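To keep things clear, I will list the structure first and then write my remarks on it.
Which chain is which? They are A, B, C and D, in the order written, and residues in each are numbered from 1.
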Amino acid sequence: MRVVVTALILFLLWLLMSGIYKPMIIGFGAVASIVAVYVGQRMDRADGDRVALLLSPLKFLGYLGWLMIEIAKSNIAVTRTILTQKMPIRQNLFRVPSCQRSELAQVIFANSITLTPGTITVETEENDFWVHAVSFSEDDHEALADMGARVAAIEPGGAA
Amino acid sequence: MTLLVDILSWILIVGGSFFTVVGAIGTVRFPDFWSRLHAVSVADSGGMLLLIAGMCLQGGFTLVTVKLILIGIFLFITGPTATHAVANAALVTGLRPRVARDIEAVELPPYSDVPDPRG
Amino acid sequence: MIETLINIALFAMLVFTALAIVRMDRLFAVVMLSGVFSLLSAMLFVTLDAVDVAFTEAAVGAGISTVLMLGTIALTARREKAPSHSSAVPLVVCVVTGAVLVYGTLDMPNFGDAKAPANLHVAPDYLHDSIEEIDVPNVVTSILASYRGYDTLGETAVVFTAGIGVLLILSGLRRRRRYLDEDEDT
Amino acid sequence: MFLLAALALFAAMALVLYRLYAGPTLYDRVLAANSFGTTTVLFIGVIGFLTGRPDFLDIALLYALINFVGTIAVLKFFRYRAIGDIPQVPDREVGS
């Protein structure tokens, strides 16, 4: 089942990338994706981990939109830091609690922190992230907690 | 309609170019490794997203746009992952961030199994 | 005009990178710089429309050779040793060889010359007939994979053998070293 | 428009190259190399539009992949002193 899905996804990617739809070339694509999956199966290097994609897509899209706005805001803030004559740097390394339950949501949260310029996830622990900020202010704790809550909200059964 | 698309993609591409250059300037101007991380992430997230979006608008409804979106999604996921990997490797091998003077530094986990991060 | 400017800028950065590689004595930095070198040369290939070469450069230059060089550093030292004798003679040899090569190129036809021998003999046939004969849209691909298929097969076999050989040497050395370490411990 | 983007990317490349040369730590260099790779990906895309043949995006995609894998490989190597399988007893391997 899984093998078939993988082959189908690979074949779909081939169709998207090639852009030439003649029978022979599509046949090449099909053979290539099947051989790739077969060789991967033979090598037996897949770890068999299943990542449950249990996110509600609508909320996730909403979150992406919100994240874009945040990225824009913090981009402008860091740009200002870079371009002013006397760079107002106030570095700090602090803990941020991560209240997400699934690993996927934690990954999304950590990557979102890193994606917004000015804050970077440096180390992950069980329930905490170490976050490094370049121009730290006391509001950052609240802002990151807010972001964490938003990520938790797109999980199934999360507080809406 | 095409005029509108052109104007929009102009804005996006000029903005993307601006952020890319600013990020590069930051990598040169910032005083230490930990602040340079943030400068790079300006170019990697803001500049990359805007440039890809601008090129998508110019590409129209073609396979080119599909490929651009694929590249965009890939960079959107791997960019922060790579930045995190660099930062984490630096922390683990004992390159400590300098915390501003007026903030009390928190205790860090005891790492530094590999000496001399200067390579 | 634009392409000339791009080429000049790329070549300037390429020269800077090459000089930096020569001057640097930290080998990790050299590995990073050679990755950048191959990225720059691949960009040059892209501006020359040589898509296949750019692909190869990407896979071999930036990907495999970086990994192989890192593996080599793991087995040897991380700093370059100071040269034990003067570099005057090698410099003279390099300069003379370079001068001879440049002198040799003076006779060659200009880049993109329509009257060059290479462009008169089979190239027009390839360009004209390849769509009908091979049915692959990219002419370079059809030349490489069909008109000169045996050639490419031989090249691929050579590269593959070389890769396997390097991997065997590297992994064998590492394993032997690990055994030696364990012997010392016990 | 794309000329402007190409010029901006060139400027960015030159500055990042300076950082790659100047160092001072290994991680600055890894970071600069990664950033240079991202710039290359964008530049290949822009070049495609500039010359009116945006067919080179396959290479850009390939570069995005190789750049990421390369960065991770370098960092993994620096962390564990080995590429490939991570040794079972990392402490000992790292210390040696």
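In this section, contacts are C-beta pairs under 8 Å (C-beta built on N, C-alpha and C of every residue); 3 or more make two chains touch, one makes a residue touch a chain.
Since the structure is predicted, the reported quantities are computational estimates derived from the model, not experimental observations.
Novice: Using the mean of all protein Cα atoms as the middle point, what chain has its own Cα mean nearest that point?
Specialist: When every chain is reduced to its C-alpha mean, the one closest to the whole-protein mean is D.
Novice: Identify the chain pair with more contacting C-beta pairs: B-D or C-D.
Specialist: More C-beta contacts join the chains of B-D.
Novice: In whole angstrom, what separates the CA-based centres of chain B and chain D?
Specialist: Result: the chain centres lie 12 Å from each other.
Novice: Would you mind pulling out the distance in Å between where the CA atoms of chain C average out and where those of chain D do?
Specialist: Here the centre of chain D sits 18 Å away from the centre of chain C.
Novice: In whole angstrom, what separates the CA-based centres of chain B and chain C?
Specialist: Using C-alpha averages as centres, the distance is 29 Å.
Novice: Could you put a whole-Å number on the gap between the CA centroids of chain A and chain C?
Specialist: 34
Novice: What are the residues of chain D that contact at least two other chains?
Specialist: Residue numbers touching two or more other chains: 13-14, 23, 26, 29-30, 32, 55, 58, 61, 78.
Novice: Taking each residue of chain A in turn, which ones touch at least two of the other chains?
Specialist: Touching at least two other chains: 17.
Novice: Where in chain B do residues touch at least two different other chains?
Specialist: Within chain B, residues 23, 25, 37, 67, 70, 79, 81, 83, 92, 118-119 contact more than one other chain.
Novice: For the complex, which residues does chain D have touching chain C?
Specialist: 3, 6, 10, 13-14, 17, 20-21, 23, 26, 29-30, 32-33, 36-37, 40, 43-44, 47, 50-51, 53, 55-56, 58-59, 62-63, 66-67, 69-70, 73-74, 77-78, 81-84, 96
Novice: Would you pull the chain C residues touching chain D in the complex into a rising list?
Specialist: For chain C paired with chain D, touching residues are 2-3, 6, 9, 13, 16-17, 20, 24, 26, 28-29, 31-33, 35-36, 39, 42-43, 46-47, 49, 51, 54-55, 58-59, 62-63, 66-67, 70-71, 74, 171, 174, 181.
Novice: Under the touch definition given earlier, write down the residues of chain B that touch chain A in their complex.
Specialist: 19, 22-23, 25-26, 29-31, 34-35, 37-39, 41-42, 45-46, 49, 63, 66-67, 70, 76-77, 79-81, 83-84, 87-88, 91-92, 97-100, 102-103, 105-106, 108-109
Novice: For chain D, which residues count as touching chain B in their complex?
Specialist: 1-2, 4-5, 7-9, 11-16, 18-19, 23-32, 34-35, 38-39, 41-42, 45-46, 48-49, 54-55, 57-58, 60-61, 64-65, 68, 71-72, 75, 78-79, 91, 94-95
Novice: Once bound in the complex, which stretches of chain C touch chain A?
Specialist: Residues 135, 137 of chain C touch chain A in their complex.
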